[in-house]
Amino acid sequence: MNNNLVIQTDFGKSDGAVNAMYGVAVSVDPSIRIYDLTHDIPPYNVWDASYRLFQSISYWPEGTVFISVVDPGVGTKRLSVVAKTKEGHYIVTPNNGTLTHIHHSIGIKEVRVIDEKINRLPRSGESYTFHGRDVYAFTGARLASGVISFEEVGPEVDTAKIIALPLTKAETNEGRITGNIDILDVRFGNLWTNIDRELFHEADFNYGDVLEVSIENNTQKKYKNSIVFGRSFADTRLGEPLLFVNSLDKLGVAINQGSFAKAYQIETGSDWKITIQKVIK
Amino acid sequence: MNNNLVIQTDFGKSDGAVNAMYGVAVSVDPSIRIYDLTHDIPPYNVWDASYRLFQSISYWPEGTVFISVVDPGVGTKRLSVVAKTKEGHYIVTPNNGTLTHIHHSIGIKEVRVIDEKINRLPRSGESYTFHGRDVYAFTGARLASGVISFEEVGPEVDTAKIIALPLTKAETNEGRITGNIDILDVRFGNLWTNIDRELFHEADFNYGDVLEVSIENNTQKKYKNSIVFGRSFADTRLGEPLLFVNSLDKLGVAINQGSFAKAYQIETGSDWKITIQKVIK
Amino acid sequence: MNNNLVIQTDFGKSDGAVNAMYGVAVSVDPSIRIYDLTHDIPPYNVWDASYRLFQSISYWPEGTVFISVVDPGVGTKRLSVVAKTKEGHYIVTPNNGTLTHIHHSIGIKEVRVIDEKINRLPRSGESYTFHGRDVYAFTGARLASGVISFEEVGPEVDTAKIIALPLTKAETNEGRITGNIDILDVRFGNLWTNIDRELFHEADFNYGDVLEVSIENNTQKKYKNSIVFGRSFADTRLGEPLLFVNSLDKLGVAINQGSFAKAYQIETGSDWKITIQKVIK
């Protein structure tokens, strides 16, 4: 471990909850280095929590400990675990789907269940509603600072026990790619798809190509038009849509300095399908 | 002191004000460790500032220095003070009610008035509107990093001089508890009352009991229905209300994965009364 | 350099983008000290980015490295630069106007263009859309931690190459000052003008004077009334407007505990003019 602790929650930062987690971590080791991932995960949205971890984890040094507390099942028998990824990061989280994207795209080497008899803040009282502070911050800080080893977290469980949300796979077929809208680049309203750049190469789509894009959910078609595949936003005019490779090497859909999501009321999830093909002349 | 500095304001983080405070603190001692409590205290809301300090302070190591700048009276003759709590934390704040909950629930051992002739940022110019940066960040950082001792803050004043907002006390009487709604768990819309868990025990309310809850303000009854007292959210179904012990060992009122506050338009303060009693069969 | 890194973006903190930048910086040097300026710059708003840097930079120790990523031109031929200010701070930014206020009010001593062949995150792949992570965070962290010297950023360019947005100058003429509304103190709705305190002295306006203030944009007059020039908010009653010297030693316009900007629908920019003169009796 390297004494770095990265924290993600759906608590927001408008009250004292996240700060109490910091305090617990600093009490474990004053030299610990705490960083926020985000505390704005939409309440109870495990999918987004999973995606945001995946979006940032690879940029951190090996041994960094992540805490993710998006925990609609707090107080149920859902397990509290620490997962070690194949890249050497640790994630302290309820086993409720938060590990989905990392399990699928990076791989998880080993999972241990937190033994709360040992790894629970002393004097944390009779409240059963704030495991983020009493269990996750405490355990994460002890792991990050080397007070406990990964083995001392608790007993190992089979990685097959990891709860994963259903993921759909993007596919290419006869020059047509189908995928789905995984998530938004919230602030800018760009769509991020599950289509890897490699699939674009496979389909022989190249920078400068004008491609036919359609987006639909279960009940209706939301968008159908041709869009240029640009190397960057600079390849389009203000207000023009473009296809681009995003910062995770996946296909994104944007309006240059506008919000594609708002313009066409696009949301995210496995039932939001996108199809891309060459324009038939 | 332990070189930890925790900052709370009502400034928001959308401009450069909080960052200027960081810069002042880092200029005092580059090794200082700065943490945010929250900067989203509703503007001028001293009550919330007081509560958020109370919510998190006990989870920090002894010697941690807190700065709270919610200061509707900046520029008046209100005193700028540093309070030392009975648990060994320090709070740098205007003496305007921000110490209310800590004074009442934890206790304050000693208060000193900031001597601004010594403890004011050099070259802070003619502005009288940003004491957060020029006085509080500067003094807090000097105290946290050991540049000055607590005594060097300025002259001691009697703790009787601490300004406190009126607090009402929850009471139990013939199997009926009355209290008020102190604050919201903003993000989730849960109500946090001033009713301690012990009072629930005293009234012989136990996990699993169905209790009659009514909430009213000065002018109208806002809620009256029976709610189960659950050990955790897991004891209710989605969308069902519950009574629970919150992370401060006080009674909370929630809707499982919904917002109780929004559902019934509940606000906070001493005129928001809650009554809880056994359901009469 | 002093190992301090201050980051500003228009990314918001609701997703993993800012955290990926932290991770890149920590990977460069685990002992680096990262601070947020703000991540709430309105998307693509280079003017606000420039102002927020100016608002806070002088409060940081010499050698502190700032990163500002408000970059509507990402992927165009706009240069990525590091500027050294006359006060000894460094700013890593696209050369797109972000340096406007610092160039004008503090002065820039030297500018170097980032040589992306050297100063680009290894394995940052084919994405051309996230220079904040791949170029700016990487370069800023290497500079702050001393991995590279300022010279190793890349070749020097003439400071005349700095892109600056048009700035208007406040003026006094026959006892009347004209200026413009530069920016808002967002959270409180105060107006911050470009009128220096010295200009007020020149015009012989003193604390306690009642002054005639009018505010207009290109198309209409938005406000015209007399306001007292107060030493602090304490000099007015609740809800009363006042003129005051803000934390940057410039004239501000406020409503005590209200929002002047909302009350009179005032916005910011060089076409929002303010005129102040003595009340003619």
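The first chain written gets the first letter, and so on, giving A, B and C; residue counts start at 1 in each chain.
One rule holds for everything that comes next: a contact is a pair of C-beta atoms (placed from the backbone, for glycine too) under 8 Å apart; a residue touches a chain by one contact, two chains touch by 3 or more.
Bear in mind the structure is a predicted one, so any value in this text is a computation, not a measurement.
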Neighbouring chains common to chain B and chain C, by label: A
Classification of the chain A:chain B interface as same or different, half of numbers criterion: different
Size of the rotation, in steps of 5 degrees, that lays the CA trace of chain A over chain C: 120
Chain centre separation (chain A, chain B; CA means) in Å: 32
Chain B touches at least 2 other chains through residues none
Within the complex, chain B is touched by chain A residues 10-17, 19-24, 26-27, 30, 34, 43-44, 72-76, 125-130, 133-134
So in the complex, the part of chain C that touches chain B is made up of which residues? 2-4, 6, 33, 35-40, 51-53, 55-61, 64, 183, 185-188, 197, 231-235, 244-249, 252, 257
